[in-house]
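Okay, so subunit A shows up in both of these, paired with subunit B first and subunit C after.
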Partner chain A sequence: MELDYDFMISDFPTVLAGLPKTLVLTFWSMLWALIIAIVFGSVILSRVPVAKQIVVALNTFIKGVPLTVQLLFCYYAVPFVCKWLDSIGVYDFNPRHIPYFPAAVVAIACNFGAYITDVVVSSVKAVDRGQTESAAAVGMTPLQTVVRIILPQATVISIPSMTNYFIWLLKGTSLASIINVAEMLITAQISAADGYQYLEAYVDAAIIYWAVCAAIEFGCDKLYKRVGFFMQPSRA
Partner chain B sequence: MTEHTESPDEQIVVSLRGIRKSFGGNEILKGIDLDVTKGEVLAILGSSGSGKTTLLRCINALERPDSGSVRVDGSFIDYGGKVANRDILALRRKTAMVFQNYNLFKNKTALQNITEGLTVVQKKSKAEAEATARDVLEKVGLAEYADRYPVQLSGGQQQRVSIARALALDPDVILFDEPTSALDPELVSDVNDTITEVAKTGVTMIIVTHEIRFARNVASRVIFVDKGTILEEGTPEEVIDHPKTERVREFLSKMAVK
Partner chain C sequence: MPSDLMQTVVPGLIEHIPITLVYWFVPSVLSLLFGTLLCIVRVGRHNVLYWICTIYISFFRGTPGIVQIYLVFFGLPKLFWIFGIDINDWSAGIYFIIATTMNLSCFMCETLRGGYVGVDKGQIETGLSIGFSRTQNFFRVIVPQTLKVAILNLKNLEIDVLKDTSVAFTIGAVEMLGYAKGVIAASYGSGQLWILGAAAVIYFVMCTVLEIVFTLISHRMERYERRVA
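And then the complex of A and B:
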């Protein structure tokens, strides 16, 4: 079997045209995942009695269900939610244009939000206890301590794990293709359908995914070294 | 247990009464009474596990005693009843602490470590805080290290910044928790010299230490803590040179061998 290199090259721009949608989906999903993670993480860390147990239970549930199942659930739930929003007059529902993109964002954000919650919790816990004591001894309030001392350090500590989840999430958006979101994978699939040149189109997609992820990893590593130097182990 | 006098002697800065503290059923402090007067340098000696660090941490409520009371200047906390967080804050703002592991804020420069408490807690202006910070850094001989982060400083330098941070707060008392025990031996004297210099300025200090010779030099009074009680108390000459109890003699002879 011979790969059709000419097609692979000529199809590259077509597949690449699907990248913006993938990036937009990644952006919104990551943003909401972070918001969910920060809210969940704060509840777990602040040890609010009942809320904590609810969040922990929700967290394990979300992590225990495959992303594919969550996507399909959201896919079939969308029309119901839209009809309800339509009935209360905040949304104009058109059954010909079902908004699958928000459904994908909700599914991906919830799924990754659960994992990133663990990053938030462990990063805050990883801040040296002595830092809190030191702030207390200076006379800072707990809120001042969290905002001025713990969060800046925890943020730096979290960068490497956040980078991993960011990359994982970006690749995870390819699953949104199963619920009709025209991101990069589905663009590749469609472009290949005419001549049945799937292998070539998927290789193009793979190259683009890899390049984007490598760039993100490189950028985050630079960022970590730049803003995080003060958290490195002491040389002295 | 003696009561706090109605109008406390003006000279008394720190006053502890009946401090008890247990960890998991293990009683670490068994009712400690202690008064520290203004300008005094009190050294707390004792073997590991004697409760001396816990005693120090009870003063600024980093450990909350199970019972007893603490007075620092005008701030009073009675652990027999419910303790309000704002009382703890008020009390902590009259004290400063130098930790065994320095505990400088890692995300702040040496200068910012010092200005942080001045601007955030004492609400001083940035300019005033910086002037104070540069002044105290000068005092500990680290003026040119103002913009370094803790990771860029040696252990000894970090501890001196930490002493400067405590000084800048202008507290009623500075608490030292084994300030040199995490340092390389060659750096110990630098830090000890700095503490001695600070002591000469008349700041009230309570120092938990393992170093008998340093305590002998710097302290105006020494207490020896053993099994959660104060076993001996007096001037360095009395406690270190002429201990009354066999327990202290044994401790000192072991320390001397080291």
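And then the complex of A and C:
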């Protein structure tokens, strides 16, 4: 195959320079997704009458719509929101500098928040019921039970699924390239545009994504083995 | 709601549903085949083929779908060019289908492998011991039980694939979202939120239908379980 290997090697640092932006986007999206998931998960778990049905319906709808549509929706909605926010607080509307980065964060966070809600709910439900009862038996208040008994165990149980969604999210940030957020894929695209060496640039990007995802998977696996020691069946 | 706009756009969106469904269905069927083959290699002995498949799967699971689509779109013509075949005039949809099939096969393989691991090994031995040939054993014992375990994950996978067809417009394959984007661009962005909202509702309806169908199938597959219990 006629690949421009020299370009591929010389372009590698250029593409790699886009990685921090991807990671920042991943970080903020994951953070907000977790916040959304924890709030939604608590609502579902605590069975708040009307709010639970609303949250479930919202989750179902978000999961039924492609991330691409959500991204485009947020992208096109941003100017309206910006105009509406004009001169509220310190924000000053400027049509030439519309912040598309937050739009991507909102779209990705909402999408993955819906998925991670399921992880939160199922992890909490996976904690053995006996644990709650024991906590009550030794005289803990419900709040203490949640904070000291359920949350630590549920967190550990959720690590494998969280890792999966974390990797999905990292890969999902590449879709933000369609709404002009300058992450790694866009960087690769721009660097390749001069000589139409798209394939080489995309190979570079693919290698970097692959390496990062493999590293995350490896790291989270190690973490799970480290903190999940109590999950192993006892050899009694 | 700008009703005159919606009167023209909504029928247009509905007209493009079949293309979306083709982009979903063809890769699904093909990758059920390739995924099964990959799975057979992956649960077998650790030979050279096993490691090749493992690396292939790791690559396709570790890179974003959009990057894979670009790689196929730009790379496949170059690859075919070595053999003197010119495929530059293929439509973008074919590249999308190829890329999605390669991607989905890997996920399908892992899902099926999860199901296979969940099958009681005694069942397979029993099948062989009562005189099934290996092919018969595969189709009558292994496949039904593997599918029964894997069906829930398969449902999620298929819904994801249906939603991921919306990425096809990035390489110029016009399906439902591609049409919606075209209309938005042609009308200089007026009414874009309504058009995207309509597309979102249609996607949601399609996903719901798919979910209901899969739930019915999984109930049917579990009918023997309930009788015993």
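In this text, the second predicted complex is superposed on the first by the 231 of 236 C-alpha atoms of A that agree within 3 Å, B and C clash if a C-alpha of one lies under 4 Å from a C-alpha of the other, contacts with A are read in each partner's own complex, and residues count from 1 in each chain.
One rule holds in what follows: a residue touches a chain if its C-beta (ideal position, glycine included) is under 8 Å from a C-beta of that chain, and two chains touch if they have at least 3 such contacts.
Small disclaimer: the values here were computed from a predicted structure and weren't measured.
In the superposition on chain A, contact of A:Ser134 is made with subunit B only, not with subunit C.
Put subunit B and subunit C next to each other and count what each touches on subunit A; the higher total goes to C. Legend: residue contacts after superposition of the two complexes on their common chain; A:Trp28 is shown touching neither subunit B nor subunit C. Once chain A of one complex is fitted onto chain A of the other, the partner contacts of A:Cys213 are limited to subunit C, with no touch recorded for subunit B.
In the superposed model, A:Arg148 makes contact with subunit B only, not with subunit C. In the superposed model, A:Phe7 lies in contact with neither subunit B nor subunit C. In the superposition on chain A, A:Phe230 contacts subunit B only, with no contact to subunit C. Subunit A residues in contact with subunit B (one complex) as well as with subunit C (other complex) do not exist. Against subunit C, in their complex, subunit A makes its touches with residues 1-3, 61, 63-70, 72-73, 76-77, 80, 167, 171-175, 177-178, 185, 198-199, 202-203, 205-206, 209-210, 213-214, 217. Those residues of subunit B lying in contact with subunit A across their complex are 60, 62, 89, 92-93, 95-97, 99, 101, 103-107, 116-117, 120-122, 149-151, 153-155, 157, 165, 169, 175.
Every residue of subunit C that touches subunit A in the complex is listed here, in rising order: 58-59, 61-68, 70-71, 74-75, 78-79, 81-82, 159, 163-167, 170, 177, 181, 184, 189, 192-193, 196-197, 199-200, 203-205, 207-208. For subunit A in complex with subunit B, the residues that touch the partner chain are 128, 130-131, 133-141, 144, 148-149, 152-153, 156, 229-236.
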